[in-house]
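Before I ask anything, here is the structure I am working with.
As written, the chains take the letters A, B, C and D, and residue 1 is the first residue of each chain.
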């Protein structure tokens, strides 16, 4: 494959995103640097979803009439496109409501496995209890931490974690003592939503598999921003969210290796996920249907299919290169401003486009307010990674995050905004 | 209140639903009689959602910038409108992905309560175990049956149920022996998605509350079609789905009485539902946030807000009256065709607009195919109510279901289609 | 009218007068299959005689498509080598998943070619395959070589 | 520039030189409050003397708005009857939820009127109320009558 790294034509792309043309706070140009929280949507995605609803809408997998056929085709076709986008098979992709549900699904299914493993020996590999361990990291988003805390609490298993170094990398020096024969599952983020850090997947997968543990990858911040192939990474499960990759809200994705999904007990139960139902008890359908109870996010899947097409046409490698340029420019610019402390790697190595920092003497909330006043939308707070902030000794931080529709003018506006913040609060 | 029962101007309404203008199967007019599965969407709803995404989109409850403020306002404003629509307070309404998740939420939270009830005495009222009983009915949708079967299996509680009479009514003759001091929860449907039967809520609520049991109402088929007030009904929890009431997919609603939500342990965990998070453990936010983990269905909520406005302007009483007219016409028409057996009440008393039936000598799947060939979209199968079909001695049925955009011409087309079905398969 | 394409006379004949229906002894293996959306079900028994399908018998409830295709199945496979039966299985599955683009071979599928029209209705493909899936499963259980 | 409306001099002064800061003994009750989105927190102690708020002391971390409003709170309530303190509480909450439409009464809220601009930023209202919620909670714990 030849690397197509012709730079993005950001002006042309921006025309697809109507919201980027609006102004905020008394006529200021909107500088949207909060894509790490949620991305904006191109017309192509909005139009695809609306066209589906205006022309082909019906309940999928349930009806035998023409609209139902068309809707089912559109829904399953979207699944196939999303699966191809991350290098896996359609029957290994489960639609959830967000990435958070995907992680909860695996955690609850593991909890349920304990309840059924006597009657279903296949489920036993997911069951866990006292003496078993769950491994996470200190840089996880709450979505990939709290469900595991809860699973540990419900089952009596123990939660353990990898620490974070001062410069915001995973501390893997003790990998063999953290992941042991007692470990049943290792859950970690591919790319930190705060630090930007891209974590090495291979050593964790290798060690986890060596001890027979399952690997759950939180790919919320990697899949939207770079080419990711779950099969090549060798993870067992992975989650990501439609709304962070130009697609609709209300849709998350769970990848699970075919044989694992086939053996795993269900989580949410109800219509469309059953095989037979009697008052006395029920049996369940094959995956992915087994994990999609109730009426699915039909039009949202269609929208995400369009988002995946859009990203593919632009090119994930080009998007990653573009964001790299913006990230390095932001990091270099911040380094020149005194009194700024960047949380996370300060160079562009193994790092994505989330740039978090604190301004000496200015609370992040106040800094965010001054930026907002200039039309610059950043996120302030702990970004759902409170333990990470505690570890790094800050209560909160300001985060700028980039996407394909940002350009160097946005970076410049951001840096000017940071300088204005210092001026406004009179800090040196 | 004076009853405003001026008939609906269906032609005018239909103009709002672009899909109703299309043709199917080689130019046949679409006669959409599958709203019981999912409703179609008026332009007002599609436009409201798209306008939000084109103008105000950002992550809610997380950002401090202007877009985030606007998005949060839109989201919470939608919650308030939906709450008002069903007679409850905004903080008693939880957004889920569909009604199925709402029921699972209550069932899993009850299961979780057992795990935490020693440390949180408030949760004890939700906990259940061996000796405790869960009561459902034989006419439930799988969504209001399988989660309770699973809860019983996980906790050791026993599932019991009310039977159904031959004419498709709930058999409440043994109410006092089915709901007893052992009963912890009574879950039943307000309106059957197969039979159309509207169940009496008061006797079940009274008996359940007399023994200290919680009441969960499946309002999926009532809220879209009539004026429903959960507070007046006195139920403890209720669920319904956006997509069955003109709103977007991927959004369900769970109502819970304030004091119950406040005492109930969480279900899905992750971002936005926490109070504090440490590696060692977490505490949780107040409802409704406690039950909305992860990025919510933001634009879908906005869309549902528009749907609720649309329904309110048309008037729920007028919609109910209109559907009643269509239902009675369909029932009367079917009664004139020999060899048709209607499943459920054959008159219009305490019954909504789902008309299910079998054609002697023609399998429902085949009947549905002939109807589809004439442009008539009905549903065939067990409609996610398999035990009910077994009880009534049929493997499956054909269901026509009506909504505000259907008219008597649709009913006529449907009746003609049923006659054609018999002719095609040569049955008398 | 598209409907006639689907409900070929052959199909309706098999539906009204199914071949090989009713469960028979002796048998080597039995398979129960269900279509979860419509509740259609089939119980199918297979008796093998060495590498040959000696008998197929079945019972169940379902629509014309599922009943007729199981009837056609018995005509096609009983008395044939297992390997040949699976050749027909593959051909039938390919036809059904072809969305109307696959030209069926009458020498292989005989009456089965009547299901070409059904392939245009994705919701009915599962009906047409119900008995065939039971056959595949039962032969596997009976230890028959698939290839 | 809207920003100046929010960050009134009074607010910045209280932020830089907070009144009553630091936890003091003796006290009747303590409340810990946290803003879950930004991690801001306050620990606030109340000492009652009969029906009077004898002392309020606090510690915590947070933005200028949360810190300044807690400082203003101590000025407003210390030495006042509990019932009067709750009158101020109500007035401040009403102001903050008013989205900029409520005209604050300087006689009641004194320096607190400087927060009128904050009320236009819904995301910051929680910041401004953090210490006040801790006060309400602590008084309730101390058995103070709310009304």
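To be clear about the criterion, a residue touches a chain if its C-beta (ideal position, glycine included) is under 8 Å from a C-beta of that chain, and two chains touch if they have at least 3 such contacts.
Every value quoted in this text rests on a predicted model; they were computed, and no experiment measured them.
For the pair chain A and chain C, chains touching both partners: B. Each chain gets a centre from the mean of its Cα atoms; the one farthest from the centre of chain B is D. Averaged Cα coordinates give chain B a centre that lies 45 Å from the centre of chain D. Work out the mean CA point of chain B and of chain C, and you get 38 Å between them. Chain C and chain D, compared by their mean Cα positions, are separated by 76 Å.
Touching of two or more other chains is recorded for residues 25, 62-64, 68, 274, 276, 365, 369, 380-381, 386 of chain B.
Of all residues in chain C, those that touch two or more other chains are 37, 121, 124.
Within the complex formed with chain A, the chain D residues making contact are 1-3, 6-7, 37-41, 61-65, 121, 124, 127.
Across the interface of their complex, chain A is touched by residues 34, 36-37, 121-124 of chain C. Those residues of chain A that touch chain C in the complex are listed here as 61-64, 68-69, 72-73, 274-276, 285. Against chain C, in their complex, chain B makes its touches with residues 25-26, 363-366, 369-370, 373, 380-382, 386, 389, 395-396, 424-425.
Interface residues of chain B, counted against chain A in their complex, comprise 18-19, 22, 24-25, 30, 32, 34, 37-38, 40-41, 46, 50, 53-59, 62-68, 96-101, 103-104, 108, 112, 115-116, 138, 141-147, 149-150, 153-154, 159, 161, 241, 243, 248-252, 266, 268-272, 274, 276-279, 281-282, 293-300, 365, 368-369, 371-372, 376-381, 384, 386-387, 390.
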